[in-house]
Amino acid sequence: MPAQVNRIVTLAPNMTEIVYALGLGDKLAGDTNDCNNPPAAKSKPHVGEPQNPSLEAIVALHPDLVLATDSINRVDTADALQRLGIAVYTAAGDTQTVLHILDSIQQIAGVTGAGPQGAELVGRMRQRLDELHARLQERPMVHVLFVVWKDPLITIGQATFIEDALRWAGAESVVQSKQNWPQISIEEVVRLQPDYIVFAASHGESAGTELADLRARPVWRDLDAVELGRVVNVSEEAIRPSPGLVDAIEQLAHDVHPEAFAEKSENRTSKTETQKALNAREERTLCVR
Amino acid sequence: MRPLTPRRVAWICAALGAVLFVAVVISLRMGAYPISVPEIVMTLVNRFIGRRNEIPPDFWNVVYEIRLPRIALGILVGASLSTAGAGFQALLRNPLADPYVLGVSSGAALGAIISLAVAPQTPGLIQFAAFAGAAGTITAVYFLGRRGGQIDSATLLLAGIVAVSFLSAVIMFLMTTLPGRDLRGMAFWLMGDLATQPRINLGWLYSLLIIGAGSIYTTSSDLNLILTGEQEARHLGVNVNRVKMVVYVAASLLTGLAVSVSGAIGYVGLLVPHVMRMMFGSDYRILIPASALGGAILIVLADMLARTVVAPTELPVGAMTALVGAPVFIYLMRRRVR
Amino acid sequence: MSSLSSSAAPPAITASRSAGLRLKVEQASYAYAATDRSAPKFTLGPVSFEAQQHELVAILGPNASGKSTLLTLLAGLNKPLSGRIEVDGTEVSQLDLRLRAQRIALVQQESELLFPLRVWEYVLQGRYPYGRRLRFESEEDCLFAGNALAQVGADALRDRWMDQLSGGEKQRVILARALAQQPSLLLLDEPTQHLDIGGKVELLRRLRRLADANRYTVLVVTHELNLAAEFSDRIVLLHKGRCLRVGSPADVYDREMLEEIFEAPLEVEMRPSGRPRVILRGSR
């Protein structure tokens, strides 16, 4: 790994987020087409899709270090880059818990020469998680169905970090599967009757739209959760191992354990977090309808 | 009466070779890295006149490590698939045969998926496993496709269809039930991928291409006769069983070779021989070399498009081969006034 | 029985031709069974006969009499279980594929062509047995192919596409390809099957001319009694795998025997030319 890292190219959206969270946004020379968070990342030079980036585009950016993750990027890409003499750091993507993700962020910070910022970032994240844990300790686990995809119906498995994230938010997936992205039948959902249905937002769809859609579908509309309007949207960070994951966990916790947050928390530190709180409140009111 | 002469074959090959050269030159020019034609020429020339250290490392990388290897791989794959396609069309007596109809690519895909499930982070394993899968399928289909101890075209075709169906089912089963680990590489493999350089030196692979295509070429007079009827060919002195064996093994190995290093690129093996037939006739003594060169040209052009139309996103080569090949095919079809 | 007629158009039958014993079949027999171990389903032979240059021999018999099996033996596709078959003094089954193709040409019904082919390309393929396996045709090859086309009167068809020919034209072209092999022996398996009476006569006349004017020995497998009688020098009469008679048409056509073999009421008439004619009895 190079001693001085001044130019970074990221090959995955969560890597981009981590780079910005570590305060290294200026050093980001290029990222992928899919990197949309934070918005500044969209205007950086692009090197293509995470799975098949253009080697030439990467070479043209003269990076000191390329950041990849083995949960999205192919080993062939890293291999080819190394053969061209470009340093590549591949984060272990098979992270199974949220704490592993924190470790991973710390390591990335170390490799990019941002050790102190990394320690601070991880420290803050850890602190928020611990506070959340304390608040939710007494509460019973809420059973949720985490929907990755509706048609066909795909949910999450036990070994994913999303499952672990749910636990931090005081929730548990009703589906226990060894496969990471099991496809299940709606019948199974009827049998399990989750308390909440959780969607990971994409394309700016809100919980309201999702709920309306489910209410129009046979079988779905008869689920307890749908009848009671207990449909929740979490931000995309919930399915990305990045700093925003903690925001998503907090938001989810607010949505499924509203009673635990009776008084407004004063610990919001960033603008995005405030915005998320506002969104979450809006959606909560939608939910109760 | 103007029979085919070696001279005419040489001329056509030279013409196609020239077109290939032009395609390579154009393709060499295209890419995300800003390098001009004079710079490319300088990089090419300096290497061979001993001024290697005067070449900037970036230029070296772009020309010799990224673009040329990719083009060379494309030529290898295109030539292999087209020659194999022409061979299979004769062997199976079916103009719609393509190199994948006998299950070679399905077997390779199965090998690939197993290697991804077992050891996804080992670079190069997928290619080796794919070739092993291909070889296994070739053997199995051969034994299934025999009748009375000899290769029978109709039985072989059926055996291939069965193999494809069975292997596809197994692949689908594995893709849904495996612990969902690194199977995303599979999508690329199924669409065709020239970005990954093979572990084995390209020189070895080219030797295999020459041996395989050469073997099929030595049977081209025989194939011409076999295409007018197997019995008739026997009566004219053709050792039909031997020829079928040679073509089967050589064409299957060529297909396995191509598919192992680049995934399953479609249409090349089917379209190119037909286009070459329309241009130069059905005589296999010209069809084999013409198909090889034609396939190389098609892949080089298709890959160039795949790299550049929506840069920096790289499209799968297989999508481009149809887009480039189909209009040529349609044009030739309409021009044929019979 | 037979008489020489000086004004007969077809050549006199009994006049023996000069040298050139082309084909010699000596006690050839064959059998095949459903499996290796079961009893033979069909036995042929023993068959013996000879054929000279310039002769047209008809292998005659009803269906399932073994004609086609005998033809496969003559073509060298199967080895006789006993006896010998010699062409130009060499045993047929000893010849390698290419040499055999240089001596013996077998004309069959054409299979469907997959890709378009011109007539001259098709006929040129008949030159395959000469030269190396991967070969390019020489001027000499073109000469022989052109000759072959001329011999069947198909010169004008040279540049046409094979799939645009009529049935009769195609047959001539197939014959030309066989002739391009420059064979000693020309074998035809029921060539008149799909032809009307005009076509049948035309074909047999052409074969007769080829036998007479060129050096071919022609063997035709057929069940057409009158055509065989009219055009052949010699007839080999088969019935249920047994060779009943060999000889000139006049010698071979015995009414009672023919009736029994072909299972039909027949009359045999002797014509002035010395050749017999067979008609259905009671059809007056």
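Annotations for the structure displayed:
The chains carry the letters A, B and C, assigned in the order they are written, with residues numbered from 1 in each.
The rule is short, and it goes like this: a residue touches a chain if its C-beta (ideal position, glycine included) is under 8 Å from a C-beta of that chain, and two chains touch if they have at least 3 such contacts.
Quantities reported herein were computed from a predicted structural model and do not represent experimental measurements.
Chain contacts in this assembly form an open path, with each chain touching only its neighbours along a single line. Most remote chain with respect to chain A, judged by CA-atom centres, is C. Distance between chain A and chain B, defined via averaged C-alpha coordinates, is recorded as 41 Å.
The centroid of the Cα atoms in chain B and the matching centroid in chain C are 47 Å apart. Centres computed as Cα averages put chain A at a distance of 84 Å from chain C.
The set of chain C residues touching two or more other chains is empty.
Annotation for chain B: no residues touch 2 or more other chains. Residues 75, 77, 97-102, 104-106, 108, 110-111, 113-117, 120-122, 124-126, 128-129, 133-137, 141-142, 145-146, 158, 161, 181 of chain C touch chain B in their complex. Note for the complex: chain B touches chain A at residues 31-34, 57-58, 61-62, 65-67, 120-123, 176-182, 184-185, 187-188, 193, 195-197, 307, 311-314. If you check the complex, the residues on chain A that touch chain B are 33, 46-49, 51-57, 59-60, 62, 70, 72, 74-76, 79-80, 83-85, 94, 157, 159, 178-181, 183.
The touching residues of chain B, counted against chain C in their complex, run 1, 3-6, 93-95, 217-222, 224-225, 227-232, 234-239, 277, 282-283, 285, 338.
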